[in-house]
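Dropping a structure here in structure tokens format, bear with me for questions.
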């Protein structure tokens, strides 16, 4: 394996790990806000890592330019979407879960 | 690997469809149908149908859920009655499905290179289109040249559909200059969203133009470009209000453009006829047949793009106009 | 490594899908749809490299774009519905 | 086992088609019916695209060093069908909005009941 391939493999591994941990958080965390926290952060960072990993595979081609465009687009839209989502949830009157003893998953029922 | 992707994507598709069927919250159903569109587009990529994936992503996962959301905002979010006739319907469905599955056993195996579908017309397209039409993307050459007449029909259907939508909803489209009560439509409390979208609108339009003119060489073409261009205007409308959008794009001009695209397409055919060839035979457009094909494809793709973009914008404006009407009444 | 990443992305997509089924609030579903959309973008990009024809990345770009528009559309709809609930309590 | 792998796509197509069919006949909400119709439609798309796939082939865009391409013809048919599909969906949705204007409901039951009342009155 060439050095570039090794770097790319490492980045892809980091990205996969981040993405997976975000998904576990999305599935396991008790309320909307903590799920948003898990998904929103890893979503962007995992995407960056994976796309960077692909960039090392692409070399100096048009593909690289397209990957950079996708990366820029995700960097702009991902956090914006998370922010707007959190704001909308807050405005709709959904309260964050502060007491850990409540049953998981049902905390937001009242606001629907 | 291909098989694993194939099977897992299809299984997720089935799961999503079942989720849609059991959900009584229409908002959830539409959200799932947007995921369904993304999934099927993903499946099309693994099936090598990149152009189809392109279209399905922008249409099936993008515009169609948006229109459904707008409808839901007008007609309400929940189903009122529990599902009726469930048992006889289930019986009928299972019976029909079983018969169809029996019938599939006669279909040649998936991916078989000797299946009838692969051996009749397709080899000619694959082997000859490179020299006859001279562009790498076979889908574009078949779409715009070999089956140009068919595509002309489809564009006409799209145009006819917008005429229908405008006939049904168009009266609610406010005349230009009238003050609209759409404070809600303007989303003035979403400052970050508005700024980011404002940054994005221009690049999206640029990307649409790229898709339009790069369609000969890669996935893309008039249909996709039109939808993407309309998407840029739609996101602007969603965040800055219908009034602001209609200042940018005049509805009368849009109506004219929707018809103009179809006419442009048809007139290329007429020019070919006037030069003594068949309708939509682009060989007649230049001294060198391959050049003629090039010119023909570029012009008719432009016609398709103009019509599709105008139609999508008109449809969205009609729905958004309805939304304003409703919030005005209540 | 590409294979591993592809499989991970498929697993993550399945997990996001189950969150979209379960809910319970509408924001969970939107969040799940958003995560799902990002993962689709990544999957298309990775699969392009895996199958050896990475020049179709335009599709991934469209996915990213559509995903954003979809999320914005969903949020706007929810704002309409909330407004509805406040102005006419007897709506349904 | 080989039949499973060689026909899996077609079976999924049929399952999806039947789910769409079920939604259309068993559920009364008109928006839901339209979503069901969309599922039905997509299943047909998947059938066509699956039939066009050649194992080992790649996307039908000419490139150096590639000899086996998938069939471009189904792609063309489905590409235009998708755009026509959204146009008809929009038409259906606007019909639903007009039905809501006229009958005050988008449930099949309510619409039928209102229609029955109107017929009785005119008799």
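Here the chain labels run A, B, C and D in written order, and each chain numbers its own residues starting at 1.
Basically, contacts are C-beta pairs under 8 Å (C-beta built on N, C-alpha and C of every residue); 3 or more make two chains touch, one makes a residue touch a chain.
Just so we're on the same page, UniProt names per chain: A = Monovalent cation/H(+) antiporter subunit G; B = Na(+)/H(+) antiporter subunit B; C = PH regulation protein F; D = Cation:proton antiporter subunit C.
Note that the coordinates shown come from a computational prediction; the quantities given were computed from them, not determined experimentally.
Set side by side, the interfaces C-D and A-C show unequal numbers of C-beta pairs in contact, with more at A-C.
Our note on geometry: chain C (PH regulation protein F) versus chain D, Cα centroid distance of 21 Å, whole angstroms. Inter-chain centre distance (chain B to chain D, centres taken as mean C-alpha positions): 14 Å. Centroids of chain A and chain D (each the mean of its C-alpha atoms) stand 32 Å apart. Taken residue by residue, chain C (PH regulation protein F) touches two or more other chains at 26, 30, 51, 55-56, 58, 61, 65, 67-68, 72, 78-79, whereas all remaining positions touch fewer.
For chain B, residues that reach two or more other chains under the stated contact definition are 50, 70, 72, 76, 193, 200, 218-219.
Contacts with at least two other chains are made by residues 58-59, 63 of chain D. Applying the touch criterion to all chain pairs gives A-B, A-C, B-C, B-D, C-D.
Against chain A, the residues of chain B that register as touching in their complex are 190, 192-193, 196, 199-200.
Chain contact summary for the complex, chain C (PH regulation protein F) toward chain B: residues 3, 6-7, 10, 13-14, 17, 20-21, 23, 26, 29-30, 33, 36-37, 40, 43-44, 47, 50-51, 55-56, 58-59, 61-63, 65-70, 72-74, 76-81, 83-84, 87-88, 91-92. Note for the complex: chain C (PH regulation protein F) touches chain D at residues 51-53, 56. Interface residues of chain B facing chain D in the complex, by the touch rule stated above, are 3, 6-7, 10-11, 13-14, 17-18, 20-21, 26, 29-30, 33, 36-37, 40, 43-44, 47-52, 55-56, 59-60, 63-64, 67-68, 70-72, 74-76, 79-81, 83-86, 89-90, 92-94, 96-97, 100-101, 104-105, 107, 109-113, 115, 117-118, 121-122, 125-126, 129-130, 136-139, 142-143, 147, 150-151, 154, 157-158, 161-162, 164-165, 168-169, 217-219, 223, 227, 308, 311-312, 315, 318-319, 322.
Note for the complex: chain A touches chain C (PH regulation protein F) at residues 8-9, 12-13, 15-16, 19-20, 22-24, 26-27, 32, 35-36, 39, 43, 46-47, 50-51, 53-54, 57-58, 62-63, 66-67, 69-70, 73-74, 77-78, 80-82, 84-85, 88-89, 92, 94, 105-106, 108-109, 111-112.
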